[in-house]
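Worksheet: one structure, shown below.
As written, the chain order gives the labels A, B and C, with residue 1 at the start of each chain.
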Amino acid sequence: MSVDKDTVRRIAKLARLAVPENRLEPMAGELNGIFQWVEMLGEVNVEGVPAMTSVVAQKLKWREDNVTDGGRADDLMINAPDGTDHFFVVPKVIE
Amino acid sequence: MSDQIAMTLAEARDAIRAKKISSKELTGAFVAAIEKARPLNAFITEAGEQAMLMADAADRRIAKGEVGALEGLPLAIKDLFCTKGVRTTAASKILGNFVPPYESTVTQNLWDAGAVMLGKTNLDEFAMGSSNETSAFGPVFNPWRANNSNANLVPGGSSGGSSAAVAADLCLAATGTDTGGSIRQPAAVTGRVGLKPTYGRCSRFGIVAFASSLDQAGPMTKTVRDAAIMLGTMASVDAKDSTSMDVPVPDYEKLLEGGIKGLKVGIPKEYRIDGVSAEINALWSKGAEWMKAQGAEIVEVSLPHTKYALPTYYIVAPAECSSNLARYDGVRFGHRASGARDITDLYEKSRGEGFGAEVQRRILIGTYVLSAGYYDAYYSRAQKLRTLIKRDFDQAFEKCDVLLTPTTPGPAFAVGAKTTDPLEMYLQDVFTVTVNLAGLPGISVPAGLTESCLPLGLQLIGKAFDEATLLRAAYAIETAADFKHSPAKWWNV
Amino acid sequence: MSAAPKSKTLKGETGDWEIVIGMEVHAQVLSQSKLFSGASTEFGAEPNNQVSFIDAGFPGMLPVINEKCIEQAVRTGLGLKAQINLRSLFDRKNYFYPDLPQGYQISQFKDPIVGEGEVFIDLKDGETVKVGIERLHLEQDAGKSLHDQHPNSSFVDLNRSGIALMEIVTKPHMRSSEEAAAFLKKLRAIVRYLGTCDGNMDEGSMRADVNVSVCKVGGYEKFRETGSFKNLGTRCEIKNVNSMRFIVQAVEYEARRQIEVIEGGGTIRQETRLYDSKVGETRSMRSKEEAHDYRYFPDPDLLPLELDADWVEAIRKTLPELPDEKKARFMALGLGAYDASVLVAERELADFYEEMAKGVDAKAAANWLNNEILGRLNRDGLSITQVPVSAAANNAIITMVGDKTISGKIAKDLLDIVWTEGGDPKQVVEQRGMKQVTDTGAIDAAIEAVIAANPDKVEEVKAKPKLSAWFVGQVMKQTGGKANPVAVNAALKTRLNLPDEG
């Protein structure tokens, strides 16, 4: 599998990263280097091996259904780049 | 004054308890040392004023006889831990001037025990790196320099600010986080102790996430005893972290001096790899001899999937990072690009401007390996490899109690030496990353100097949640190595 | 009951077409706090006031699951007669949107908590159709973007962000817009019976995405035989159709649109469309146009969700009687299928009926409820929970009719009185002298008075016995409607010497 310029453009779009046009080709090169190295995993027979879902051997903790949070709209907004009346504000989204 | 800041955490604790020194006095000495050491760039945010207030409060508690485990002891905090009211950057432009309205569980535990925060230490951006060169706030310089050289060396990474601060006596101890070696590797190349606890031992709540299934907080200290003391306070069972394990926290310091008679120490044969310096291999053998001399039994073990650990890591960690870093979108906090045409443009520009090159590279790798058509070939296969790697350790631990390995393939390298080829940088973690993949505890202990007088570390790996045995073994190495070296304080002019 | 009923076909220029419908319903779990945070789920709070830092995707925040939400999902699964998976996984669904603060939604992709189940839907003609349930999974709701507050900006409120949703996915088993609406109605009834979702569509606690495709007649049968989707047309997903009426309209419009496209030589593109209720049309959604690649992977912040089989069984034991079972019981009491399905559609209505029908004729009670109570509620714009006359009071009225204390006509007058004025029906009957007169003396006197006033009619009735009804009416009038009509009839027959079959 080889990563080309268009692939980099596509994944950059998926990741919402502005990658300048002149960086696409070099980035494809770097990623190819990494993916070629990673190819060695293909040597290993993983048939019947379960994928790890958690390294911790523990049952998922359950929380009681109580209201313990909220009511801190001010705190929520202090770091906001743009906000009004406790709303976060973004450029208009068209559905 | 230089005596005060050169104290170990345990010494300072005892001095404060014996009222030989006040927290304010000690804290003031560190605040002054930090100011002088600015050329090292170890801190992103110095919190001198706040530190003095915390020290004053500690002194008042001490006067009342209320003495916590870390009462009045000044610490440095990796700038990946959210600290309420104190800017937290993850060494990234994307977080802008983010001031968390909340405190991480680990730092809260420290403050609850009476500790004092000196400031937030530099790191690789979002903890992605092994040299602290990817920080948006500039590189950190290793306090150590090679004999007869003025070249600046890297302090390791990602917890490079913390390692430099501990080695340069800018704090009694520091916190770090370790996703692939980010505590142990910088500790090793700065001649200090770094402990990565078992996954689930310290809460991840309030720590800026890099790779959730691998990240683990731990102490960076001058001695093994100090690491035991710090871990005892940092570790807790936290209801706010679903992966925090429900296991009681023992008194690690008390269990330190039991000796290692009869302890079985495994030497994994696959850790003898090409490209590792002869000095490192020699030190490794010496370490085994030290342990044997103290009554341990040395056994050879096999971890057959070792060579797949690093590529496995470079699938799993970027995949998780690509998702964890999606929240940095310029909407609710952090950097927002100006002049965006629409919402997509806002995302792309803010993230393009806000993330550095290495972070972007990893986001792209992670996005690719999770994308349709590639998931099975990459992510799913890597998680299966992870199962096999963990199995290797399970089998090895049937034959031994701890494993002994080198921590790094070599000593600290020059700033800029490994920044052109990402793969070369990734190889720094070759001995440490397996431990994260298997969720095990690992510790690096300073064990010797290279010919050019740069420190080297040895790594011990323990069974899950058996940090007590790990620390006991590390203490044995520390005792035998008797590493008393410190860097010359060239920055104090 | 039949698995695949005859479909409603649509006429096109090239022949007859069939509609095939599947649904994805998002039902908000009834819980105090959110799926992974302790913020409240209450509707209608001030913007961003019911938001934790977890819901807002702040750095270092971690999810911890709410046990109530797990229980509610299992309860719903059991109510849908579905497979409960004792091990399920939470995955991250990655995409960017301003109301998705984490940049991913925690959902369940490969291993949902609930597997295959079934829902029986009740159609107007009394027929029942089985709709297969594909799965049910738990996931986080997104926040809300307001696009109409400002000319160049959208406003984001995260109060809804992180509330637990159950996404219930059906198999493509519905064949008409009516079936689709009936399915949603039935599902709503089930979750309301279970107490797992309030079913409030106005507040968005139940939202449906409808998948519509069309195929030539026969394609669906082949699909059911072979299981191959090749026999069906390309589907379009219509988002957030938030009322039963809109479902019918949206499906009808979309099916027509697809037929026109195909018959015009075009092809249907698999896409997400939005139903615009103002114009009654569906349109392509711009924001969903780009190809999606959600990059699902197990959420590393959470461990696999493991359930204890005994715990599931304990929940099963607490399930209430569900609509289908209730309907069967009502039918065994003598109610018709349609009447029974109407009564069980709302748990409150069924409960009201059951209380009202205690110790009285089931059918009489059902008729009373359908004709008198529901009619008045409808007239006054009230729901069954707002009914001004209690079930016990109605039971008293029906009981009085049954034991002939009052006549059927008086019963309706009585209901009108207590409906508007309140009061205990028995006391009202006493106080206002509404009791049925069975006293033969009083009835005889009234008969004599009518005969005396109408000698001509007396002659006529001897020739035409059917005229006796006129006499009954007159006597009832004389007694103010209170006379027992059976007693009046009997007395008249004796007095006028009429034959028995009159």
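Note that in this section a contact is a pair of C-beta atoms (placed from the backbone, for glycine too) under 8 Å apart; a residue touches a chain by one contact, two chains touch by 3 or more.
Quantities reported herein were computed from a predicted structural model and do not represent experimental measurements.
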| note | By Cα-centroid distance to the whole-protein Cα centroid, the innermost chain is A
| remark: More Cb-Cb contact pairs, comparing B-C against A-C, go to A-C
| task | Could you grab the centroid distance between chain A and chain B? Build each centroid from C-alpha atoms only and quote it in angstrom. | result | 23
| Measuring from the mean C-alpha position of chain B to the mean C-alpha position of chain C, what distance in angstrom results? | 58
| note | CA centroids of chain A and chain C: separation to the nearest Å works out as 41
| Where chain B touches two or more other chains, by residue | 98, 101, 213, 239, 242-243, 322, 326, 329, 331-333, 343-344, 347, 367, 371
| remark: Residue numbers in chain C touching two or more further chains are 53, 56, 64-65, 96, 98, 154, 156, 293, 295, 300, 302-303
| request: Could you tell me which residues belong to chain A and also touch two or more other chains? | output: 14, 16, 53-54, 56, 58, 60-61, 63, 72, 76, 88, 90-93
| query | Which residues, counting only chain B, touch chain C once they are in their complex? | reply | 81-82, 88, 90, 95, 98, 100-102, 104, 204-209, 211-213, 239-243, 319-320, 322-323, 325-327, 329, 331-333, 343-344, 347, 367, 370-372, 375, 379
| field | Residue ranges of chain A touching chain B (in the complex, touch as defined) | value | 1, 3, 7-8, 11-19, 27, 30-31, 33-34, 37-38, 40-42, 44, 46, 49-56, 58, 60-61, 63, 72, 75-76, 78-82, 88, 90-93
| message | Can you tell me which positions in chain C touch chain B when the two form their complex? | response | 53, 56-65, 92, 94, 96, 98, 101-104, 154, 156, 293, 295-297, 300-303
| note | The answer for chain B against chain A in the complex is residues 96-99, 101, 199-200, 213, 239, 242-243, 245-246, 305, 307-308, 311-312, 314-315, 322, 326, 329-336, 340-349, 351-353, 355, 360-361, 363-365, 367-368, 371, 374, 377-378, 380-388, 390, 421-423, 437-439
| chain C - residues contacting chain A, complex | 31-33, 37-40, 46-54, 56, 64-70, 89, 96-98, 145-147, 149-158, 274, 285-287, 293, 295, 298, 300, 302-306
